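Each of the next two complexes has subunit A plus one other chain: subunit B in the first, subunit C in the second.
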Partner chain A sequence: MLTRLAIIAQEGEHNEILAGDGGWWADTAGIMLILPFVAFLLILAFGKKLKHKGGEIAVAALAINLVWATVLLLMNASGGVLDQTTFEIGRIGSGLVFELGWVVDGLSILMFFLVNFVGLIVFVYALGYMKGDVRVDWFFAAFSLFAGAMLVLVGAPNLIQLIIGWEGVGLASYLLIGFYWEDIANVKAGNKAFLTNKVADVGLILGAILVGVSIGSWDFGAIDFAAFEGAPELAAVASVGGLLFFFGAMGKSAQFPFHIWLPDAMAGPTPVSALMHAATMVTAGIYLMARMFPLFEYMASNVRIVMIVIGTATLFGVGLLAIVADDIKKVLAYSTVSQLGYMMTAIAAGGYTAGMFHLFTHASFKALLFLCAGSVIHSVHSNNMSDMGGLRKFMPTTFWTWVVGALALSGIGLSGFWSKDEILATMGERGLDIVLWISITGAFVTAFYMARATFLTFFGTYKGDGKPHESSRILTVPLVILAVPAVFAGFLNIPGLSLPRLGNYTEWLAVRLVPMGDPHAEAINFGLAAIGLGAAILGVVIGWLIYYPDAETQLERDSFEIPVLFPLLRKKYYIDDLALGIVAIIKGPLARFVDWTNTYILDLIVNGVAGLVKGVGVFVYDTIDQRGVDGVFNGLSAAVDGAGSVVRKWQSGRVQQYAAAFVAGALILVVLFVFVLI
Partner chain B sequence: MLLSQFLVLAAALFAFGIYGLLVRRNIVLILLSVELMLNAVNINLIAFESIWVSPEAIGQIFAIFVITVAAAEVGIGLAIVLMIFRNRKSANVDDLNLMRW
Partner chain C sequence: MLTWLIALPVIGAAIVALVPGRLKELHLPLGVALAVLPLALAGYVFWVFEPIAEYQFVQEAVWYEPWGISWSLGIDGVSMPMVLLTAILVPIALAASTSITRRTKEFVVYTLLLEAGMIGVFLALDLFLFFVFFEAILIPMYFIIGIWGSDRRIYAAMKFFIFTAFGSALLLAGIIALAVTYADQFGSASFALSDLMNVQLSTSAERWLFVAFALAFAIKVPLFPVHTWLPDAHTEAPTAGSVLLAAVLLKLGTYGLLRFNLSLFPEASVDAAWIMGTLAVIGIIYGAVVAIVQPDLKRLIAYSSVSHLGFIVLGTFALTSGSLQGAVIQNVNHGLVTGALFLLVGMIYERRHTKQISEFGGLQKVMPVFAGFFLFMIFASIGLPGLNGFVGEFLILVGSYSTLPALAIVAAIGVVLAAIYMLWAYERVFTGVPDKEENIALSDLSIREISLLAPLAILVLVIGLYPNVLLDKIAPSTEALLDHIEEQTEFVIPEPGRLGDVLVAGGDHE
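Then we have the complex of A and B:
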C-alpha cells in the first residue's frame, strides 16, 4: 500500500530527509480515525447501562489511539515517517479520483499526538466534571464524534476527506455547544457557531473544487508537488485558491471578523471548550494552512498580505476584548482567538514551524487553563470573575496549575515563551517590522489580561456564595499532568538545540513530501526574546498594580477604565451587531424584496404561461377532441348501426326461407359454373 | 352403359328432395327430404365409380361416409324433433320462429 508519493520521497528525489514508511504502525494508523466512531456507536448503544455512562468507552478509544500516536511520534522523531494509505471510493470521469485513507507524515503525526493526548486528558477530566449531569452518555458520544472527526481531518490525504472531517467537526461542535439545550441562549450560540462556520466553509469548498479541477487531483501530495515544481495549471489559480482556503480557515480558526462565534461557544460544558480550543476545532484552520503551506510558500505568496493583515488584526484587536470580559471562559476564549492570530500571522509570514509550534504549546497550556477554569466553575457555580476572588487559599492545586498555564500563555519563561519567541523571530527575519511591534504589544496585552484574570479570580477576598472547595482528584490530576507539557513543551524547539536521538520539533515537522522552505533560527535572538519577555513582564506588573486592589475591595466592576476604548470593547467593536445587522437586512428588506419579486414578477410569468397552456388545452378539447375525433367515431358507429338495422331484417327465423335462399344460391352457382365459366 | 339412367334417377330424387325441403311444413318430412337428397348424391357417386374405376375406390368410400353422416344427422335431427314436439305439441316449422333478431 506504499504509494507513489512515499516512494519518491524515499529516494530523496524531492526532499532531502530520508524517511521510513513507518511499517506496520503507519499501515494501521487508520485505526485512530475509526476507533472514536466505533466508540460513538457503542456509547449510543450501551452507554446508559455503564457506570460512567459510556465515558469509559470514549477514554478507552483515545487511550488505544494514543499508543499509535506515541509510537508514530517516536518513530518520526528518530528517523522520520512518511507514508500514505488510500482506498479509492469513486472517480469522476477518468481524472478526478475520490479516495479515503490516511496520510502519515511529520505534520499529521504531531496532530494525531496532540488530539489524542489532549483529548484523553480532557476525556478523563470530563468523567469527573460531567458526573451526575444530564445526558452524560450523549455527551460522551458527541465528544467521541468530535475527536473522531478531527482525526479524520488531520489524517486526510486529500481535500475531500479533509472537508468531510471539517464538516464533522463543525457538526460535533454544534451538538456540544448547544448541549444544554433547555436554555434557548445555548441553542442560539450553537446556531451562531455553526452558521458562522458555514459561511466560511463555502470558501474551502470552492477552493477545493478550483484546485482539484485545475490540477486533476485532490491529493495533498499532488498539490504539494504541483506547487513545488511550479505547475502552470496550479499557478493560474493559486492566488484565488489560496484566498478561498484562507477564507475557510478564517471561519474555523475564528479569525477576525469571524471570531464572533468562539466566545459564544463557551455555552457548552467546559471540557468541550478545553478540547475545542486546544486540539479539535480551532486548530483545524491553522492545520489547513500548514497542510497547504507549499501552495502559499511557492505560489500564492500575494495572498500572504491578506493573511498577515487579518492575522495581526486578530491577534491584537480581539486580544483587547479579553480585558473587559467578566466571564472567565470568555477571557480564555478571546485569548485563544488572539493566539490563533499569532499562529496565522506566523504561517502567513512563512513560519510553518513557528506557527505549528505555537499551536502545539498553546494546546497544552490552553487546555490546562480551561480545565482550571472548569475546576473553579465547578466549585463556585458561576462563570463570572466578579463572583470569584480569593480562591488561592481554597483551591491550591487549581491555583498553581493555573499560574503555570497563565505564565506559559503570557510568554514568561515556560513553553509559550519559546513558541511566541519563535514567531517574533520569524517576523523579524522576514522584515515585518510593523507586524513585529504589534505582536510584541499583543504579548503585553496577553500578559495584562491574564494577570487581571488571575488576580480577580484567585486573590483578594471571596465574593461569591457558599464555601468553595478544591475539586476532586479526577479533576486535579489531569491539571497536574497537563502542567508538565505546559512547562517543558517549549524546550523541544529551542533554536540550535537538538535532543539526542530525538532531534527537535523543527526536524519532526519538516518530514513532508516537499521542503517547506521556512527559515530556521540557528541560535536564540536574545534581543528580541528580551523585548518580548520584557513586554510580558510589564503587562503582569501593570495588571498587578491595577487589579490587585480590585480583588481586595469588593467591587462589582473593575475600577480601571479607559474612556472610549473600554466601552467600545464591551460592545465587541459592534461586529456582533454588524453581523446581526447583515442578518437583519437579509431577513427584513431583502426578504421582502425577494417576496415582492416573487409575487409580482415570477408569479406573473408563471400565471402567463399557465394561462397560455390552459387556452391551448381548451382549444384542443373543444375543437379537436370533441368535434374532430369524437365526430369520426360517432359517424362510424352511426353507419354501422344503420347498416345493422337493415341487414338484421333478413334474419327472419323461418328455416325454409333460409333453405330457399340456400338453394337459390346453389342454383346461381350452378348456372355460373355451367354456362359462364366453362 | 346405363350411366344416363342412373343420373336421371339421381337428379329426380334430388329434385324431389328439394321440393320436400321447401314445401313441407312437418319437420320429420323435411328430414326425410334431406335423406332423399343425400341418397341421390350416393347414387351418383356409385354410378361414376362403376364406370371410372379407381384403385382406391374413392366413390364407394365417399358413399359410405355420406351414409354414416346421414345416419348421424338423422339421429340428432330426430332427437331434436322429439324434444320440440314434447315441449310445444307441434312439429310444424312455421311455429319455430324464436331464432331471429
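Then we have the complex of A and C:
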C-alpha cells in the first residue's frame, strides 16, 4: 500500500533517488512491530511452564523479525525501498487524522535491522545470563515489550505513533530498570528515568501539537515535504517546533542536563543496559532528529546552534564523568552519553549520515562492551572495578572481545574510528572549529577512560572474592558475534568505496522522500583522521602510564587524582543533586504547603460560605415563608416542590433544615434572576 | 427504548426490594444480574447508534402541560458514551460489593435507583426532567455514603449534600428563570432544551445565568476551588460508591457544562472561556500537587480526579473540535480508569482494612496480579500513549492549543506531576520487601475480582489504540455544538492547517 507521498518519492519527483515499493515484504513489514507484543502476551501466559521461562518465545519473535529486516535491508541496498502503510484510528472533526502503520525507507530499515539484530543477540545472551534469576518470565516479557516499543517508534509513519513508541520505550525501561524491585533504590532509579524522560516528553508532545495544528498532518512525509518545499505554514512554527522536538530528544538521548537518568538506569540487569545503550531507548532521540532532519535542514537551521552547544557539552562534559566512575557499567554509561553527544552534534552540524553512521557502529560495540561487562560481573559478582583486576588471565574471550569494543569506542582503527572520523570531517567541513577541537579532545578523553577501565579490570591482580572464571558459551558466543561488526562495520561507509551492487551506508540512508541535503566527504580527510587517531592513541598511552606501570603489584592503582576537577566530577557537577532537590521540594514543602492551603484556607472559606448561605436561607424561610407568600411565589414554589418533596424525605432534622434553606434560597435566586436581571 | 434504559434499573430495584430480607445471599447476585439488562440495552443502543448530529431514539410525552414540562428523552454523541459507561460500571461496582453484608438489599436497591437517575440525567432533553434526575441522584448517593461508608461517613455525606444542594439551588433558579423568560418571549411554556436555546437574553442576564449553571456544575465536577467535598466523599464512601461517584457522578458536572452551558449561553461561554480554562488548569496542577502528599490511597485518587477533570473542563471551554471530542472521550476514560483504581483500592481494603499508603510495602511480591492491574491503570491514568488516558489528554491539548495556548502549555506540564504522585505511590505500596506481618499473608486477586477488572482493562486498551470506536460517534454532535456557537456568537473556531490533505490526497493507492 502506498500513500501519495511515497509515490512522489518513487517517481523521483523530489529526491533524485528512485526507489521500489518493497512489494510483499514492505506491505507485511508491520509484522515486526507486532510480533514482540505477541511474544509479550504469550510469555505472560505460558512463560512459566517453558524451559527458558519464555526466553525462547522472545528470541523466536526477534529471529522472525530479523528475516524481514534483513530482506528489506538487502532490497534497499540494491535499489531503494520506499513504502508506507497506515490505518486510521481516530479523527478530529473533519480535519486532523490519527493513524497507525509503518514506514519503510532507508532510515527505518536500518533501524529495523539494528534493533532486531542487536536485540536478538542480547536476547540470546540473556538466556544464559538470566538463568536461575528471579522472575525470568517477566524479564523476557518486559524485554520483548522494550524491543517492540522501539520498533513501533522507528517504524512510525507519523508523530503520533512515534509518541506511542516513545513512551512505550519509557514504560518498558521503567519496568526493566526497576526489575529488582525488592531494593527500593532500583525502583527509584526507574522512577528517575521515567520522570526525567517525562519532562522532556512535554517538549515532544507540544512540538507535535504545534506542527500538527499548523500543517494539518502528523505524517513525517508531509512534514519532510513541507519543509523541503518551504511551506509557509510550517516555516512559521519551524524554529519553535524544532526546539521542542530537540527538547524531547534530549530526554531519551540523555543530552546534558537530562543525562542524569542514564547512569542510574544501570540498576536493571546487564542485558537491559546493553540493549538500552545500543539499539533501543537512547537512540530514539537521535533517530527523531534524523527522521525530522529536513525540518532542521531546510527550515529550523537556527535551532542547530542550540543543538550543537548542548551536544558538545554532552560529548565532553559528561564524558569526563567516566574518568572517576568505579562501577564498570557507569563508565560505559557515561561513554554512551558522550557518544550520543557526538551523534547529536553531528546531526546538528548537518551530518545526517555521519550521526546515523556513528549510531550504527556504536550500537555494535557498545552492546559488545556491555555484554562483556555483564560477563565480568557474572563472574566476580560485583560491578566495581576495585573488586576486579587481572581478569585477562581468567576470562580470555571476554578480555579480547572487550579490547575490540574498547578500541572501536576509542576510535582506534576499528568501526568507531571510521564513524567518528566522519563526524569530525563534517564538523571540519562546516567550519565548526571550536566544536571540532572539543570533539577531538573528547576522543582523547574517551580513549583515556576506556584505557583506565581496561587496565583496572583486566590487568594487575585480582582483588575480588572467589576465583573468577570464563563465562559459559551462551554468554561468550554473542560476544564473538558482536565483535565482528565492531571490527568491520566501519567499512560500510568509507568515502569513495562501496560494496558491489549494494552501494554503501550513505546511499542506503539517503532513500527518503526528499533529499537530505547532507554533505558527505567524497574522499578521506587524512589530516583530520590522523589527528583524531593521534588524540585517541595519546589517551591510551596516558592511561597506560597512569594505570598500568605497577599493575602486577600495586593494589591501589586508582589513586590518580586531579584536585578540584575529580571531586567535582565525583559530585557529577551537582546536577543530580539539583534535580533530586527539585523533585524533593515538589514532593515535600511545596506539596505540603498547597495541601495546607487546601485544608485550612479553601475548606474554611467553603465552610464559611456554606454557613452564610444557610443563615440567609433560614432567615428567608423564617421571614418570607412565615409572612405568607404572594402569587408569584406560589406558582414557582409548586415547581420547586417537585424537587423539594423528594428532599424532605430525609428523616434527619438537620437535613430538613438544609432542604428548607435550599428551597428558600432557590426562590430568592429565581426572583433575582427573573425580575431584576432580565 | 430509552425509557426502558431508565425503567430497567427501577424495575430491577423493585424486584430486589420484593425479595424477602431473609434470602440475604440472593440480593447481590440478583442485583448484578438485573444490572446486566440495562447494559445489554445500552450495548444495543451503542451498536445501532448512527454517527449523526441529531438526537436519536427520541421519545416525547407531555408531563405537565401548563408549564410545558415533558418526558423528553434522546441520545447523541455526547450522552451515548456516558450512558454506556454508566451501564458498564454499575454491574461491576455491584459485583465488587461482596463485602457489604449489612442491609445488602437496601444497598442494591439504592445502587439500581442511582443508575436509573444517572442514565436519566444523560438522556433528558427537558431541563426540568434533567433537574429531577439530577436531584434524584442525591438521595441514593447520600444513603450509600451515609450508611455503608467508613468512620467519618456522616460528615462526608453531609458535606456532599450541602455542597451539591447549594449548586442545585442555583441550577433550579437558573432553569426556572430561563423557562419564565421563554414563556415571556414565545407566549408558551416549555422546558425543552431545544426551545430554551432560542431564548434571547441580554448580555448581563446571559452571564448571570451562565454563572448559576456553571457554579452548579462546577461543584459537581468539581472544579477548583469548590472541590473540597470530593476527597471526603470519596474516602468515606464504600467501594461501589466511590466507583460510581468518580466514574459517573462527577461527569454530571462536565456533561452539564458541555450540554447546557455551551448551548444555552454561547456568548457567555465564549467570554468566560479563559476564566473557566484558568480554573481548570489551576485544578490540574493543584489537584496533582495535593495528591502527592496524600497518605491515603483513596484521597490520592480523589485528588487525581480533580486534576483529570480539570482537563475535561479545559477541553470543554477551549471550544474546538479536538478539545470537545477530547472532553467527551476523557469523561469515559476517566470513568474507566478511576473506577478501576477505586475497585483496586477496595480490593486491598477488604483484605487489609486500611487504605493508608504507609501500611503497605512490597505488595508486588505477594499480589503480583493485583500489582499488574494497578500499574496498568496507573499508566492509563498518567496518560501513557497507547492507553485511553492519552487519547483524551492529547485531543484536549491539541484542541486547546488553538484557542487557549498558554493554558494548554501549562496543562501539558501538569502531566508530569501525575507521574510523580502515581509512581511514588506505587513505589511505596508495591515495591521493596514486604516487611509487615499483615502484608505477607495477603492473597492475590481471585478469578471473580480479575473478571471485574479485565473488561475495564480491555476497554482502556481498545480506546487507547482505536479511539475511533467512540470518536466517530462523538464527532457529529460536538461539531454541531460548535456550529451552534459559531452561529450565535462572533467566535470563529480556528481550523488546523490543510497541508496534509493536499499531500496525501487520494490516500491509499494500489
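Following the convention adopted for this analysis, the second predicted complex is superposed on the first by the 575 of 678 C-alpha atoms of A that agree within 3 Å, B and C clash if a C-alpha of one lies under 4 Å from a C-alpha of the other, contacts with A are read in each partner's own complex, and residues count from 1 in each chain.
Rule of thumb we're sticking to: a residue touches a chain if its C-beta (ideal position, glycine included) is under 8 Å from a C-beta of that chain, and two chains touch if they have at least 3 such contacts.
Computed from a predicted model, the values in this text were never measured in an experiment.
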TODO: Figure out whether A:184 sits in contact with subunit B (first) or subunit C (second), or with both, or with neither.
DONE: second
Task: Partner chain(s) touched by A:595 [first = subunit B, second = subunit C, both, neither] - done: second
Open item on the list: So in the superposed three-chain picture, is A:564 touching just subunit B, just subunit C, both, or none of them (first/second/both/neither)?
Closed with: neither
- [ ] Based on the superposed arrangement, let me know which partner A:171 touches: subunit B (first), subunit C (second), both, or neither?
- [x] second
Task: Which partner reaches more residues of subunit A (counting touched residues only), subunit B or subunit C - done: C
Open item on the list: Shared contact residues on subunit A, subunit B side and subunit C side combined as an intersection?
Closed with: 649, 654-655, 659, 663
Task: Residues of subunit B touching subunit A in the complex - done: 18, 21-22, 30, 93-94, 96-101
Task: Footprint of subunit A on subunit C - complex, ascending - done: 67, 128, 131-132, 135-136, 138-139, 142, 158, 161-163, 165-166, 168-170, 172-174, 176-177, 180-181, 201-202, 204-205, 208-209, 212, 225-226, 228, 286, 289-290, 292-294, 321-322, 325, 362, 364-365, 379, 384-386, 390-391, 394-395, 397-399, 401-402, 408-409, 412-413, 415-417, 419-420, 423-424, 427, 430-433, 465-468, 471-472, 475, 478-479, 495-501, 503-510
Open item on the list: List the residues on subunit A that touch subunit B in their complex, please.
Closed with: 648-649, 651-656, 659-660, 663
Open item on the list: Can you tell me which positions in subunit A touch subunit C when the two form their complex?
Closed with: 1-5, 7, 86, 88-98, 100, 160, 163-164, 166-168, 171, 174, 178, 181-184, 187-188, 191, 194-195, 198-199, 202, 205-206, 209-210, 212-219, 221-222, 225-226, 231, 233-234, 583, 586-587, 590-592, 594-595, 598, 602-603, 605-606, 610, 613-614, 636, 639-640, 642-643, 646-647, 649-650, 654-655, 658-659, 662-663, 665-667, 669-670, 672-674, 677-678
